[in-house]
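Once you scroll down, you'll see the structures, which are given as structure tokens.
In the two complexes that follow, subunit A is the common piece, with subunit B as its partner first and subunit C second.
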Partner chain A sequence: MNALVTAAAHAKAPHIDYAGLSPFIALTAGAILTLLIGLARGRWVRHATPLLAIVTLGAAIGLGIWQFGEATSLVSGALLADDLTWTLLFAFAGAGIGATLLAWRSHAAQEASPGEFFSLLLFSVLGMAILVAATNLVTLFLGFELLSIPLYVLCATELRRERSLESGLKYLIVGSVGSATLVYGLALIYGATGSTDYAGIDKAIASGAGVGGDVLLLSGVGLTLVGLAFKASVAPFHQWTPDVYEGAPTPVTAFMAVATKAAALGVLLRLFDSALIGSQHDWAPMLAALAAITIVVGNVGALGQTSLKRMLAYSGVAQAGYLLAGVIVGSQLGAKATVFYLVVYLAMNLAAFAVVVARERANPADGDDLAGFAGLGRTQPSLAWPLTIAMLALAGIPATAGFIGKVFLIDALVDGDYAWLAIVLVIGSMISLGYYLRVVATMWMREAPTATTTGVPVIAGGSQEADAAARPQPEVLLVAWLAAAATIVLGIVPQPLFDLAADAGRALTGIF
Partner chain B sequence: MTLSILIWLPLVFALLSAIWGNRAAARLALLGTLATLAIAISFVVRFHTGGGMQFVTDRSWISALGISYSLGLDGLNLVLVLLTTVLFAGATLMANLRSDWERPSQLYMWLLAGETAVLGAFCAQDLILFVAFFDLMLIPFYFLTGIWGAGERPERVRATTKLVIYTLVGSLLMLAAAVATGVLTAQQHNSDLTFSLAALASAPLSRGSQEWIFLCFAAAFLVKMPAFPLHGWLPDGYRTMPLPALSAFSGVVSKVAAYGFLRIVLPVFPDASVHFQELLLLIAVASILYGSAMAFSTTNARLVVGFSSVAQMGFITLGIFALNQDGVQGALLQMVNHGLVTLPLFFVVGLLAARAGGSEDLRDMGGIAFRAPVLASLFLIVGLATLAMPGSANFVGEFLILLGVFKAKVVFAFVAAVGVAMASVYVLRFFIRAMHNRVAPSVASREVGFGDLAVLAPMVLAILALALYPQFGLKRSEPAAKASVAAVSTQSAQVADATAGGRP
Partner chain C sequence: MSTTTWAWLVLLFPLLGTLVNGLGYKQLGRGGAGAIGTASIGLAFVCALGALFSLQGHSAEHRELTSSLWDYAVTNGDVDAKLSILVDPLSVYMMLVVTGISTLIHLYSVSYMRGDRGYARYFAYLNFFVFSMLVLVLGGNFLMLIVGWAFVGAASYLLISYWYRRGTATQAGIKAFVINVVGDVGLVLGTFFVLRHSGTLDFLGTFRAVHGGAFAGHHGALVAGCLLILVGAFAKSAQIPLHTWLPDAMEGPTPVSSLIHAATMVTAGVYLIARLHPLFEAAPAAADTAAVIGCVTLLIAGTIALTQTDIKRVIAYSTMSQIGYMIMAVGAGGYVAGLFHLMTHAFFKALLFMAAGSIIGAMAGAQSLDKMSGFRRSMPFTFGCFVVGGLALSGVPPFSGFFSKDEILAFVGHRGGWFVALYVVGYIGAFLTAVYTWRMIFRAFWGEPCAEARELEGGHLAHAEVPTNPANGEQEDTDVGFPGPEHTIAEWALPMKVAMSLLAVGATVAGLVQIPNVDHVITNFLEPTFADSKYVHDEAGNGMVYFGMALGTVLALAGIALAHRIWVAQPGSAAAWRARFKPAYTLFVNKWFFDEAIDLLVVRPFAAFGTFSRRTFERVVVEGTLVDGTTSVVRAGSSAVRAIQTGFLRYYAALLLLGGAGVLLYFLISAS
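Now for the complex of A and B:
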């Protein structure tokens, strides 16, 4: 016993840069604190926990801004806190704040007890941050699991709704398969290169000792790609997406759709464009084929959907294909384009999901049914406008950020000699018009159903309660309008986001 | 005063009328379009013929991608900008005459937003900026057709969706092609990435890249016009679009496509333009014949005008792809002429329908001239201009086009000349069926009102003025037309030399 104590006293702990680690610490502390406060009794908990979650996420963003511009290696090379990490952290935290606002008065948070709900959300954000900051295969897997496990639970938080439970279970099973594939792939990469460290892997491939084209490495890369493709819902590993998105509580869906996708694309960017860049000519065609399949499958799949959430799920699959384009070309331009489009994608989807949340509150039975949106342009323009802007932006109409993002991606593709993929991307956008415009047409060009939304016959004078239920909550409107405004503003003045994306791209020093 | 004011003023009024609410929207919108018209006139007055690109605004917009916010006026777009402001003022006035619009504030908002997009597309001197405005043009017309169109709701939605998908398919291909143009030019010439049209024209791409890029651009423009095999959206779209929107759409939006050929395709892709000249001429001739044949076989009055536009746009394409100065100048003049006759023709269709019990079918009309001599004579003037009666500016335009094609490819000129004769068939058939013949049972002939005259009379005056003085357009466009075909004509001369030299 004594010997152990002396040994511990003499052992040198690795140097830890607390300043660089501070956003991670803030997230961890905030998550634990939220969980503890959630244990208290009283109605105030319902409001205190989401507030605390937002403060935590805000603090993480603030600390990230403080640390911006410094590339520090943390915890003996396990994490790298550079501009790519921070930029993506801003995106995750932004999505987290949006989801928190949407979940503030949701059934899901109340049923699952708000403390646990928001604490899980924060842990998931922490997992994402670790995932994209990871410069070591072990840390990567750690982040991956920390991101996934809270989400499995969050999907199932509407305890009394079968679909929600089904969604959680489905996500758990599919997610576990993805994790297993990923960890197998990581093991093979380690086997081929003899290193779990990104820099070490890069060196091993670059050394030219035949590692680059090694079957062992390539199968490792392939399996890793499959594991991450499950998370990013890249076809043909996307089948879980529509079911899970539809079943999960909508605020959680919104969070999954934007933040998880950003995290998966972020780690793809970091892993493939820094550690594995040496064997780019081996994996790029594989990834390009996946991207092309994803674009076609996602867009075609979305065409026939009648549920807006399912449609957005398929649209998310297609958008993942667009986002992959920037990873494939392995250039600064590509990395920048992906980061830019990720942020834009976040704004567009948050706006759309916020409107779905508002509709579901007014009409719990089938609020995400597209037919229920008929005549929304007249009855509730405050909801119809953000959704219209989101749909037009997702379709890539000019004057929205979606247009600039697509120009950026096409630019990167043509520059990287993938002009054919640019054409696939464009064809995908054409197909996508078929369903995005259907939503717009439903809202503005169809008559509102004559029956009241709740299905209860109107009594003369109406009831104030029913009116209040139909009117969207201010925080939901805030999310919808902020996100829609961001979509427009970034479409007209994209320069600030370009600069941010350029900083993030520059963090990947292995590509030019 | 910069061009930015001209472009964005309609949008400002659009937002104002959206905010102001339904009551003031109509007047506010009219004020906005008239103010824009006044500004456009001031530009025409200050324009210095032969002075190259003028009133230039050039700011970096997205420096990372080499995209600039760059506007300018020269002989190619000056008259078209004026035409746009004239037609939108006319269209807004047309909309003003009807007071039973649903949600008028939004109607005027979209109409004026459309004007901003069209003006932007005409003035843009940056490829991506042009593409952005070109795509943006569609959204206002999507809403205008879908919300205020004629016919049942599902039908309307189908028509407007078809319109958007058809045209955006072309536009998105063009987007990819436009980005590729900039990136490949930078790669091939080892220069900085730029999308400035002047810079792109001075550093042409390799022939192989030009060809596929040309096809993408041509697809976008031919759909928008529309030209013969790509006109599938036209019948439904024209039948449902509300008349004010339709007259602006047919009058100027189709011209943006033709203008795109002159501004972008000929100067930036000269090799490909020569390479595909015969294909485009073939499409043009097919459009003339098909459009004319449909125009004298359909019984829907709107579609008579619609298909006549297909034929007219065929003439314009023909002139452009004569690839010489005569053809291009004729095409430019014809764009203005066609714009000027389209709006009154559609307006007359509306008047006729109002007198024929709401039906736009020619079979329900007849004898409308009986008590409406003024309407009949105004209609006749517009009709005669449409069929290019000698003495009208349309005659000058078609003559120049045929002269240009005659110099370039004789065979096409002969076939196209048939189209001139066919135009008189469909116009006179339209006029006789509607105005003469026995008075149809549901027809109640009455004279035009003062409001109607306010739309018709200025347009007819403009047609007459241009007939007397076609030099107004020709003189200003001459240097620009020469510049537009300069690259192409040297290219085609080389090709001709090569083939002549290759012969034994």
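Now for the complex of A and C:
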């Protein structure tokens, strides 16, 4: 008895750094609260839950800003709260806010009950944050699953639409294969290095005990790479992307397209450029080959698409290839370029998806059909401009942030002796003009179809007044314009974002 | 307010004017656009004066002020691209000249362009030009210089092609733009050569690097850089062989010719060499090239001006010739002399163009000297202005051109050695200047009044029944204006009169600020900028100065006398002269065949090469293989990508595993 008391007195309670954890806590609390409020009855819930989600994400950003500049190890080395984590958290939360605004009045949120919808969204953001903050293989997998499972559900939230259900199911099954591959890879890495901790893995590889070229380790790296590449929709693991993007409710697609990609790239950056940097000469050529394949497949695949969502899916594949470039070179310059381009990519895609959301609301049948965008420049310039800016930025036209981002990536590639990949990137950009400019040309240079878009004759209940009333909702326009404005502003004044990206890059202390 | 704040304001007002006129052209109406355009430049001039007084408040060693508004891209040791300006005596001097002359020309345009449909568009362009020019002269680093350089090229293009329904005007605009882009490319490449070893884009930093020996062991790079920069200067300043765009640029409205193609933009090359004098002094080969090209240009342009019949083209060739003097001066190291001539030339050349515009108004748009005569009585004010400008241009004392041209030639002569050849050519050019200037005056104002002049004496302005393009006789499209169906002459428009009177005063007295052995206002003012020059204390001896002054006076008067003899005392004798010097005349009237030579040496070979490549390379390789091949490959790839996109989950999972197997295989192979 006495011994027990003394033991209890000696046993130290684990130190918990609440300050460092605060953004994670805020996200968790917000997600649970949203879920609970969603149970209440009444119409106000429809607006209270997204509002709460935005407040939560805003709080997470605020707490992240508060913690910015410190690198603290949390939960006995499971998480590392440094500038890279926070910068990417800002991106996830930004994408989350954008997706919340887009989903505010969507079918998906109403059908699935708003509480659940927005709560799942918040959990997914939490998973992303944990994923990129993880400095332990177990935490990594935890974050990976916390990110994925809510997304499987979110994809299927338009319960009455077959495509949505199909997309959710597809994502779940293919995603499970990806997760299985990942966890197998992580196990092999653990087996080879005897540590689940990034620092321990790094030490084991650097120790020169022959671990670096070990078959076991490299098999593990390969499988891990496949699992993460799947999430980042890197070819040839991108197959699910177009189907899922097209089927899922568009706000969810927007969220997946930007946030998931940012999370996958973030964890690639963290894992490969810190824990596995010692065997860079082994994995970098493979990753470069994958990047090249991705750029080609994404751009070529996008060319013939008629659905804007599918086109954006392929374009997202191609952009993932560009983003990989910064990981491959394993340098500060590369990390900076990747983080910079991630944020830019977020703005460009949010603008584009917001316009698609607005078009789908007006024309539920085939709102993302490219032919429906003809003459948009004349009929709805408030939608045509953001989409034009987004397309030009994605294509990398100067004076947009997309241009600066690509310049930094190319700079990093050339600096890291991967000039050939830079050439592939440029050729990919050239091909990409073929489909980005097609959208712009359709909007500005084609005449709008004269028939009313509803397809219902006036006498049969369609009315021009009703059509005219189908104006884009203000919150959707807000997202479109804010994202488009950010694309332009960051293209002219890139310095602040570049400083932020540099801070994030410096958090990876193992590379120079 | 600090000096740099004044300078930023100088930039701000024209920019505001551009934006207001450019965006609000529908709301402004006629009066509004002109008033805003003129007022914004006037305010810029006031601010330039503010900068001047503020700068003079600093001690002489601290008159080089920089201010940066925004760092565009600054990395350690690689690039320092900033939005920065450099305010020193040179930039303030240029700022004053540009804003001062521009204000008067805007004022003139208010009346002159009144009949034009694109009134607001015109002032938006003109304000944009002034803004660009100010960016050029105020820019504190190469980047700003290049931006300003390209902007003035664009503004020049817009204004030359202003009457865009005239085929000749659009062609002239394209020609000017293409040649200016050649210059831009030269300037940018030259900048790279300099940046590579200096490590900074900043002017003052570059000069420090040059003085600090950054180019020791890289002299070749410096010379190459300076020569490439000279290409830019030559293109912009219409120096041989990149001069052919300037005469064609006379297709633009006459005030534009006055402002851009006489007083300001074309002198940018002079400014550039003066601004970068530490580089050129470290690379004497490049500086000598500039001096020689300037000298060649002044002679060739002078001879061509003798034979042209279009009144604006005569003045255009005269401009080339005078800029030749300036380039020769700054190339030889006489920066102050060159810049002094830049200022006086701005006064009298702008005045001559304005007076020419007035005559063209009286001629209902016709520009040929063959048709003009006897305007002396009907247009006394224009005549007076033309005579003042002509006297100043020919270098008759005490008009401004006399002092500035003399200072250039005295400096060049003082350099000695082979510069003596330039000195001699300079005086030959001075004689030619007097002849062609007064040929123009005698032909337009003396003799029997032509029909238009008689009509004007009767108090009525001539009107063309069918307005035609003076260049090719095509009927004009009056919907978009052309010089307007309603012409204006200075006698009848107060704003034009005010602008021309002020310039006439300037053309008369501007030379008095810098009289040898009497006063040295400009030398003293510009001293801080050129303090590091090795020629700063070079001054021609008294003997040379007085000899030059006497020689200049004699040559100018002789030239006027010769012109008088040919075109007034013995009318018709010109034909006899033409017959006697037939080969020379053919050469001159065809502009030394430069257009033809460029056509033969550059355009045709390229066109032939292009045709040949199109027939062979493009059809077979590009279209057959690359385009068709690429598109079919891409198309096939696209359908292949879509083909494996079956929508069947099992294929996706299989492909995922297949890909995974591939990746794993790579790692296994690389591990063993």
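To be clear about the criterion, the second predicted complex is superposed on the first by the 488 of 512 C-alpha atoms of A that agree within 3 Å, B and C clash if a C-alpha of one lies under 4 Å from a C-alpha of the other, contacts with A are read in each partner's own complex, and residues count from 1 in each chain.
Heads up, the rule we're going with is that a contact is a pair of C-beta atoms (placed from the backbone, for glycine too) under 8 Å apart; a residue touches a chain by one contact, two chains touch by 3 or more.
None of these values were measured; they are calculated from a predicted model.
S.K.: Have a look at subunit B and subunit C on subunit A after the superposition and call it: clash or fit.
M.R.: With subunit A as the common anchor, subunit B and subunit C collide in the superposed model.
S.K.: Output check: A:Pro398 vs subunit B and subunit C. Expected answer is one of first, second, both, neither. What do you get?
M.R.: Only subunit B; A:Pro398 stays clear of subunit C.
S.K.: Touch test for A:Gln495: subunit B only (first), subunit C only (second), both, or neither?
M.R.: Both partners, subunit B and subunit C.
S.K.: Using the touch definition from the top, say if A:Arg446 reaches subunit B (first), subunit C (second), both or neither.
M.R.: The first partner, subunit B, only.
S.K.: So, does A:Gly222 touch the first partner subunit B, the second partner subunit C, both, or neither?
M.R.: A:Gly222 contacts subunit C only, not subunit B.
S.K.: Just subunit B (first), just subunit C (second), both, or neither: which does A:Phe408 touch?
M.R.: first
S.K.: Tell me which partner A:Leu433 touches in the superposition: subunit B (first), subunit C (second), both or neither.
M.R.: First partner only, subunit B.
S.K.: So, does A:Pro242 touch the first partner subunit B, the second partner subunit C, both, or neither?
M.R.: In the superposition, A:Pro242 contacts subunit C only.
S.K.: On the A-aligned overlay, A:Leu126 touches which partner chain: subunit B = first, subunit C = second, or both, or neither?
M.R.: neither
S.K.: Per the contact definition in the header, classify A:Ala313: touching subunit B only (first), subunit C only (second), both, or neither.
M.R.: Neither subunit B nor subunit C is touched by A:Ala313.
S.K.: With both structures aligned on chain A, tell me which stretch of subunit C collides with subunit B: 40-48, 58-66, 76-84 or 364-372.
M.R.: Clashing stretch: 76-84.
S.K.: Which parts of subunit A are touched by subunit B and by subunit C alike?
M.R.: 434, 494-495
S.K.: Which of the residues in subunit A end up touching subunit C in this complex?
M.R.: Per the stated touch rule, the residues are 170, 173-174, 177-178, 181, 213-215, 218-219, 221-223, 225-226, 230, 236-237, 239-240, 242-243, 282-283, 285-286, 289-290, 296-297, 300-301, 303-304, 431, 434, 493-495.
S.K.: Per the contact definition, I'd like the list of subunit C residues that touch subunit A in the complex.
M.R.: It comes out as residues 70-73, 634-635, 637-639, 641-642, 644-645, 647, 649, 651-653, 655-660, 662-664, 666-668, 670-672.
S.K.: Can you check the complex and tell me which residues of subunit A touch subunit B?
M.R.: Against subunit B, the touching part of subunit A is residues 336, 378, 392, 396-399, 403-404, 406-408, 410-411, 414-415, 419, 422-423, 425-426, 429-430, 433-434, 437-438, 440-441, 444-447, 494-495, 498, 502.
S.K.: Name, in rising order, each residue of subunit B that touches subunit A in their complex.
M.R.: Interface residues on the subunit B side: 62-65, 67, 103, 128, 131-133, 135-136, 139, 142-143, 146-147, 153, 156-157, 160-161, 164-165, 168-169, 172-173, 175-176, 179-180, 182-184, 187.
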